[in-house]
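Lettered A, B, C and D in written order, each chain numbered from 1.
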Amino acid sequence: MAHHEFEPTTYHNTFGWHEPPLTVQPGDSVRTSTVDARGGDRHGNTVANRGNPQSGPFAVAGAEPGDTLVVTLDRVRITRSWGFSSSALAANVLEFDDVPPFEDEADRSFWDIDLEAGTIRLQPPERAPAGEPTPARNRIHDVALPLRTMVGCVAVAPPGRQHISTATSGPFGGNMDYNGVVEGLRMYFPVFAPGGLFHTGDGHALQGDGEMDGTGVEVPMDVTFTLDLIKDKTIEWPRFENDTHIMTAGNLRPLDQAVQHATSEMVRWLEADYGLTTREAHLLLGRMVEYDLGNMFDPAYTMICKLRKDVLREVVGG
Amino acid sequence: MAHHEFEPTTYHNTFGWHEPPLTVQPGDSVRTSTVDARGGDRHGNTVANRGNPQSGPFAVAGAEPGDTLVVTLDRVRITRSWGFSSSALAANVLEFDDVPPFEDEADRSFWDIDLEAGTIRLQPPERAPAGEPTPARNRIHDVALPLRTMVGCVAVAPPGRQHISTATSGPFGGNMDYNGVVEGLRMYFPVFAPGGLFHTGDGHALQGDGEMDGTGVEVPMDVTFTLDLIKDKTIEWPRFENDTHIMTAGNLRPLDQAVQHATSEMVRWLEADYGLTTREAHLLLGRMVEYDLGNMFDPAYTMICKLRKDVLREVVGG
Amino acid sequence: MAHHEFEPTTYHNTFGWHEPPLTVQPGDSVRTSTVDARGGDRHGNTVANRGNPQSGPFAVAGAEPGDTLVVTLDRVRITRSWGFSSSALAANVLEFDDVPPFEDEADRSFWDIDLEAGTIRLQPPERAPAGEPTPARNRIHDVALPLRTMVGCVAVAPPGRQHISTATSGPFGGNMDYNGVVEGLRMYFPVFAPGGLFHTGDGHALQGDGEMDGTGVEVPMDVTFTLDLIKDKTIEWPRFENDTHIMTAGNLRPLDQAVQHATSEMVRWLEADYGLTTREAHLLLGRMVEYDLGNMFDPAYTMICKLRKDVLREVVGG
Amino acid sequence: MAHHEFEPTTYHNTFGWHEPPLTVQPGDSVRTSTVDARGGDRHGNTVANRGNPQSGPFAVAGAEPGDTLVVTLDRVRITRSWGFSSSALAANVLEFDDVPPFEDEADRSFWDIDLEAGTIRLQPPERAPAGEPTPARNRIHDVALPLRTMVGCVAVAPPGRQHISTATSGPFGGNMDYNGVVEGLRMYFPVFAPGGLFHTGDGHALQGDGEMDGTGVEVPMDVTFTLDLIKDKTIEWPRFENDTHIMTAGNLRPLDQAVQHATSEMVRWLEADYGLTTREAHLLLGRMVEYDLGNMFDPAYTMICKLRKDVLREVVGG
């Protein structure tokens, strides 16, 4: 159960079968830093190419295709006092003919982050960075919004030696941009490549459901996680677990198909790990299933299927 | 501000321009009863045709196309000690090739409702009604699930003199099967027909997000609501409001387009009623928007777009 | 086998259970006139409300739910020397952020129709009707395009006493806007209402695949059709037949689901009427199936599934 | 204008930035062989891993990101007297609850190919290969179907150093499975990697529209093509051209979005290369656009947008 400190010097813009700079034993933990979605570090220096550059990948000794990689997010902290977001909802989340005219040209917004108060606040117009249009002052400038630190990208290497853009997601996880990926979450990924190869990056300070503007107040972070392994256990889509819920993620367009994958995976989970019959799984989900919209911005959309653990415990005992 | 008691003697299986059996003044309240999705009343007698038979429609004097009908759900109560549900998730919420084999033939499940305890419980196999297959005993039989009383259908008459099946929904509301339609909710509908013509029915005792099995433990109910009117105010999709959130509903296939309608309607609401500029609305939603999956079973799917009222109040004051 | 001449005096803007102004015997033919999508007649007078006003509905004596109505389009002719169209592709057929700026404000285009030459030609800008913006002259003004006369709306009354807007379509047919609905086509519809109740209207002089601009050069027409009946034969979606192909229509959003309905219906047709086994139907369609895009503009999209009759004859003999 | 003969010794199961085994000058032609979808060569020997193994990639000297690669299919010939297909339509092209029971277990079908007669014919059940279930004899066994030789996969390397599974497609082309990719077709691809890197494989002897069973009677082929380059010309999606039509391809789920990409790309093509104004492009497409269903089986679906060249010539002259 060793702990590793790892400062990346290179970053990847694909989820892929990259040479792992660090290989750990099952049960080990790692603290690493991540840069923001455009490659900016804690000092605001651009140290990687834009497009969700990833730290890692981190290999787990002994992980082979057919296993499950378990990643627990032990600690997730923002390492900069500011972040940026888009200033507009994406075209594909609005009606086809809803093309809003805006009052200013400020496509990008900059936010001050107060880690102690746990809030973010839009920077006043007069502080617009050089080269950025000055936004019109508006009432959002006067409000402190609650911090909700999360990780946009968590992934293993995709199947079949693929290298896939960090813009998107799939059965391997990826840029799911689900605002439930927070400190304390346990995540399960199918292993496709030897070592599993865990990638992470794209920190967010506050992202609405669905990442409807394509951003999450983009920030660099310090992330500490524990890597573990379940040998000879095959899953098809990412699975999550927190104190209250078990969750499955489906990543695809359109949302309908993301729901289908997440729901079928939840049934498989209940059958394989909790011993429910198919009938029990369907009866329970029909009454108690919950869904979250992960993202509806990226090339693949994400829907999360959830079930309360207290109710599940009542069913299976223990 | 009169109160009306109304016991239906006929029910409608379309949302339409039906002759209203009761016309009230703006501000009046109505208590009526509804039957279950197959037309069963509180005594278990079938008094209407299956397929979400509706009570009403109730007209509001003075309501004209271009107005907004306001309906507040003052009291929503189940009036029978049992309900029924499907026993299987729908084919369209599972992966295309996920065709589950079941342990028994019991497609329909019957539940005991304990209103005092606030729970529902699957009836034991030996109480299977005559003509229904006996289910295999399973562990769901041993669990009490929490009651969550809601109304499946709330609608006004559709535009253009249409009569539309109570299986579906649209800009007029309808069979949205959103488990947030509960006691205390305030709802806003566009008025398309003179009088508005409010329909309601299809009570549910406990429905998972999305009504993924197509049912909600179907029950008859007593519903009390207040009908009010906002003259010369045009909205495009149903809007809801409870203590914590304002909400808009988009009703369409696929889920993507339901999201698009709900989100654009939320922007319009923020602009028209709260005075936000388009930029303010986009900035605020990008950070704080929430979504619920209404239903993914009916001919039109439903997505709900939500915004916290406390944050909105901080922005607009008051 | 009587022939009926029928000049409508009223038109319907819903497909519904309307009182039929004419009831015919199976095998009878009817000639009627239709108005254009905005209610304009052959003289350019507006005689009906806009939104695809329908002629009929025409009842067939003896038609009952569970039967199939057979309609053969014997003759389809345009009755006016001009028509109109949109001047722009619809927002939902272009990329989400593709919002074209146009050179002029002429949202509507007017076309001269030369029935003898079989062509249509954009009217010169100087003939823009009063009240319409003058279009910029462009090179489309200089080209004669080939006439392709078709019928946008063909429908029976929907199930369950519904009255559904003539903007859309469903299992009952409707505003399918498929440019293969031309003179000579034989069509099969499920009967939902006594008499079947055939509606028709919305003539087009030239419509691209998918009706991507929402119009088809809108014209009034003279339509002659034969109405027939297949007793006790239930189909689920409209079916068509011409000299070369049998075809099924699926009407729904998104296109994926329209394809699913059309394809399953084609399999059912091959099984029930041509005696193919499921395996034979799948093997044959896998190799030989064809698809046309009916429309991708209306509330329900339309996909057409087609199979060559010569190949089918080789399989089944005859 | 050299000609190159190239026999692959290795094959790729990703479209990627692979080391090109052959680099040619713009204008050069190449003849190469391809293996079938499971890696089978002309002798029936398995020489590559299953999943559309690709020949190449072939580099064009001087090709840089921002250029357009032009590939003309000069000659496309099947090199084996048999091929295989699926025996069933895919689950995702049928209605959600349409789960066909089959008469036999023969999931895979084997076809004899008669190149001289230009036909394919299902092999009789008694010739079922060892290890394959024996199919029930059916009437498809008695029919000769017309050969329609096509290429399933044509692609360049994807953007951003991605390596993407040969199961799917995107802006780089890929496994589009469009039955219009036949001898004589000219294809245009955006260049993302130095050299462009043209991949090809996955030959089909006869595939229905949409590849609804996921196969096309899979065969090895000999393919001769000419590679050319348009410097400093950027396109966004693959474009095709044959004697009668110009075409654009959109590759994505669902079909709706594939249509959107193909249609917007067609407008861009008409504007940039044919000098049409946006208004002219929209007016012309509204009347004359055609669509083909490329595939609805692969991870990304493909829709083709087409315009007749004779009509286009009338508009632009020449």
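To be clear about the criterion, a contact is a pair of C-beta atoms (placed from the backbone, for glycine too) under 8 Å apart; a residue touches a chain by one contact, two chains touch by 3 or more.
Every value quoted in this text rests on a predicted model; they were computed, and no experiment measured them.
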item	value
Chains touching both chain A and chain B, listed by label	C, D
Far-end chain from chain B, centres as C-alpha averages	D
Which of A-D and B-D has more C-beta contact pairs	A-D
For chain A paired with chain D, centre-to-centre distance based on mean C-alpha positions, whole Å	35
Euclidean distance of C-alpha centroids - chain B vs chain D, Å	47
For chain D, residues that touch 2 or more chains besides their own	92, 96, 253-254
Complex contact set, residues of chain C against chain D	85-89, 92-96, 98, 100-104, 106, 109, 120, 122, 135-136, 138-140, 142-145, 206-210, 212-213, 215, 217, 253-256, 259-261, 263-264, 267, 276-280, 282-293, 296, 301, 311, 314-316
Touching residues on chain D, where the partner in the complex is chain A	13-14, 16, 51, 159-165, 252-254, 257
Chain B partner contacts - residues on chain D that touch it in the complex	90-92, 96-97, 99, 254
